[in-house]
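Down below is the structure, laid out as structure tokens.
Letters A, B, C and D mark the chains as written, and numbering starts fresh at 1 in each.
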Amino acid sequence: MLKIHYDLPLHRDSASRFLPWITGLMVFLGVMSLAFALVLGNAASSWSQALGSSLTVQILPLAPGKPGQDERVRQALDLLRETPGVSAARALPKSESEKLVSPWLGSNASLSDLPLPTLVDVRADGTSLNVALLRQRLDAEIPGSVLDDHGNWLGEVSRAAVTVQTLAFGALALIALTAILAVIFAVRAGLQLNRSTVELLHIMGASDRYIARQFQRSAAGNASRGGLAGLVLAVLALFAAQRIVGPQSGLPIRLALPLTDCLWLLLVPLAATFFAALTARLTVLATLKRLP
Amino acid sequence: MLKIHYDLPLHRDSASRFLPWITGLMVFLGVMSLAFALVLGNAASSWSQALGSSLTVQILPLAPGKPGQDERVRQALDLLRETPGVSAARALPKSESEKLVSPWLGSNASLSDLPLPTLVDVRADGTSLNVALLRQRLDAEIPGSVLDDHGNWLGEVSRAAVTVQTLAFGALALIALTAILAVIFAVRAGLQLNRSTVELLHIMGASDRYIARQFQRSAAGNASRGGLAGLVLAVLALFAAQRIVGPQSGLPIRLALPLTDCLWLLLVPLAATFFAALTARLTVLATLKRLP
Amino acid sequence: MIRFDSVGMRYGSGPEVLRDITFELAPGSFHFLTGPSGAGKSSLLRLLYLAHRPSRGLVTLFDKDISSLSRPELSLLRRRIGVVFQDFRLIDHLSTLDNVALPLRLAGAREDQIREHVSELLRWVGLGDHLEARPPTLSGGQQQRVAIARAVINRPSLLLADEPTGNVDDRIGTRLLHLFEELNRLGTTIVIATHNEALIERFNHPRLHLQGGHLDRLPPGAKPY
Amino acid sequence: MIRFDSVGMRYGSGPEVLRDITFELAPGSFHFLTGPSGAGKSSLLRLLYLAHRPSRGLVTLFDKDISSLSRPELSLLRRRIGVVFQDFRLIDHLSTLDNVALPLRLAGAREDQIREHVSELLRWVGLGDHLEARPPTLSGGQQQRVAIARAVINRPSLLLADEPTGNVDDRIGTRLLHLFEELNRLGTTIVIATHNEALIERFNHPRLHLQGGHLDRLPPGAKPY
């Protein structure tokens, strides 16, 4: 626990009993929503990586006399590799094409006689690939090419993940803002009751900085105690959530957070303490400014 | 605005200035998180509807002498229709099969000569279909049938949506709980300052119920004013969010809520007011119980 | 009217502040309550206005054993008692008028009568110009007079005043004691805790003297030491 | 030491409470401040302990025009002034000892000296048994004595007391005034606002009398009316 030195034992007044509770609740909220946003963020980026990778371009065999198959495959590979958002493009060997077509025709058809299309596997990174534009260019430049984006799921799902992530971070920002406002109001309400003490210390000749420091320390102490409790509570709640929506439930979202993300969570109580202290300081100084 | 009749103008004390702010913030939080959870819920269920619908069963042509194609299609349809989670199953006419296969072979192949598979379109509702079990049964009972669940995206995405929904509702429950706790603490802190007034009224011969009613009304008035402000703020914020993540952004999540869901949002300030009044009542009665 | 039978009182688990107090006050009587600072005058008054329970002994008020009364009965009893607290206990955010009107509101009086009645009394105690002022903007003596006005506004059967003239000069103090005597003539039983020997001498009433936790009755004019 | 030059004072935009006050007090002098309730005694003291600015006129304190001083200089000046407030203004959640120690802590005294010094003074005013009590558990007179102890603990150059004997009996009142006279002999300038004519008579000091917003100086023993 944080041990703070007090010149005056101001931290024992009744207003102080309220601040740790509100701070604790708000830190709990802040940590929970931050963890939630980080989990969704991680899930969204792993989805879009997994999904955004699998487009296929088919180069169909054309009637004799038109540009040869190999020629057009090379053109397509060149075009794909210079398209922004494409991380890799690779023509599949003929055996893979045969394997892919076989179910459509039954295993009894003699495949080697048929003019099979060549398949090009395209790996895209995330959502930066503009599929519609790529399709246009392929249609225009390489006759007989067909872009298959697998029912468009990849783009849609990864965009959805990004939207969820955006919403989650938006909600987090609002919750964090609200939590900090609540702490600020709690500190201000507490100081309102201590207004007479502020005035008394002023009349007794304490300097503005001394008075502000007393109340600031008291607020920081109360907020940090509440914040710590809120953090502990939130961590426990996160573990509980992990048990419920854990990997054994087979869901694609993992609640485990990497260590760096956990460090972000530590910031929440620190921010609460900082804002509590800052609010106390500014409120006291504003009260004092009105005194002669 | 709610107009409440006060016997005593208790609502004008300094503690009352704090309660509307905290309630406003907490109602804002509650409404935002509820709206967020409802939007995700709607999105998740529409995704799983859209996605869960599109399975395909291919009935491949078998070597002559084996059970006929039409026979096996009928068997497959029967099996599918009695599978729980399947809402419809329909065999596609031959022309559609040809259209589907043509890109694989080029338009120059004479398709009518080839033994084409018959496609059965399966509509599943949501996530209740057990795809693995269905595949097992099809393999066992109908030779030459292939279940295509389109790369398994449907199940995974809709399960992901459900997970997101679960997490969102869990987060909502925590936020709502925290918000109500914060309102309760604010009311208690306010009454702590009014302890001397409670005692005074008691000594003057006011009955417990009268005193409780005064403070309860005062708390309800303050909380409802704050709650209304919070609700208005939240609605404005939701409209702003709609502009940012609106339909024109092409994202699969629609922020618009059906009217019934909007009514749920109205419950948040009502709940805050209710809990504020209840807390005031119980706190005052507890204080009075300790007086002779 | 009031009877104490070997009453003791303590705060929490502290020592006994009052020990073995036995006395009886007739209805319509007028007593001063004296004693050194910390002797227990305010504590004795707290027993009388039912804000504290005796730790032992029997307290009889309005001919009723108060330990046998239900909460609603106690409430009704309390409404017949007017109290001037040593520290005033005005409600800071209510105007002077609303503060004094409190007992009338609790008794369910009509609003138009309240205003007229209250402002007349406040004029009488010299606060006619401060009807809408909040207590924190009043001088010490003005606050004390508001507290007195609140205690007498609904003609209580029993008036208990704790140091009611500590913050006013002798002229106003005399005026306030005349107000109490007027009430007394109309039937109110009065007990006034005070340090002001000059007032005690001027108004010739019997005295209850507290010292070392014990109570002595002194006839009018007698000195305790 | 103290000089007022046609000083006026009002609260907010209200009427002038003090009008055209002009007087001068020599260092080491001892004055009573009297006047009817609401005359402005506490307001005048508020000007003296720098809690309120005059709306007009010139206030000189410790030979300095206070309107010309910076905030840090005003702070240093305030530490040389001891104040007994009419409503005590003790900090409820601090013990008696911590309340009285406040001026010493602000002056940066050593903790071990503080405890010894403070408990000695509290014993002297009769509160040796209540060192660790919180103000709300003290009687009215006990609280007043704590307030007085806090005002004198660090031997201020100027002592301002507002009705310091309103809640104590004459014996303790006399003892407290002897304490003030002792301080005065050591060089402290003293102004005591009071309604207690008996004390004013017993202690023969000049008097400042406020009435209708104006101030009159009266020699020792003289009556204002």
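Keep this in mind: a residue touches a chain if its C-beta (ideal position, glycine included) is under 8 Å from a C-beta of that chain, and two chains touch if they have at least 3 such contacts.
For clarity, every value in this text was computed on a predicted model and none was experimentally measured.
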For chain C, the least number of touch steps when starting out from chain A: 2
Identity of the chain that, by mean CA position, is farthest from chain C: A
Centroid spacing, where centroids are CA-atom means, of chain A and chain B in whole angstrom: 20
Centroid spacing, where centroids are CA-atom means, of chain A and chain D in whole angstrom: 62
CA centroid of chain C to CA centroid of chain D, Å: 29
Contacts with 2+ other chains: residues of chain D: none
For chain B, residues that touch 2 or more chains besides their own: 14
Category of the chain touch graph - line, ring, star, complete, other: ring
Contact pairs between chains, per stated definition: A-B, A-D, B-C, C-D
Residue numbers on chain A that touch chain B, as the complex places them: 14-15, 17-18, 21-22, 25-26, 28-29, 32-33, 36, 39-40, 43, 47, 51, 54, 58, 60-63, 101, 103-106, 108-109, 114-117, 144, 146, 150-151, 153, 156-157, 159-160, 163-164, 166-167, 170-171, 174-175, 178, 181-182, 185-186, 188-189, 192-193, 237, 241, 245, 250-253
Residue ranges of chain B touching chain C (in the complex, touch as defined): 7-9, 12-14, 196-197, 199-208, 210, 291-292
Residues of chain C defined as touching chain D within the complex: 11, 34, 36-38, 41-42, 86-87, 126, 137-142, 145, 162-163, 166-173, 195, 197-198
Chain B partner contacts - residues on chain C that touch it in the complex: 49-53, 71-72, 74-81, 83, 89, 91-94, 98, 102-103, 105-106
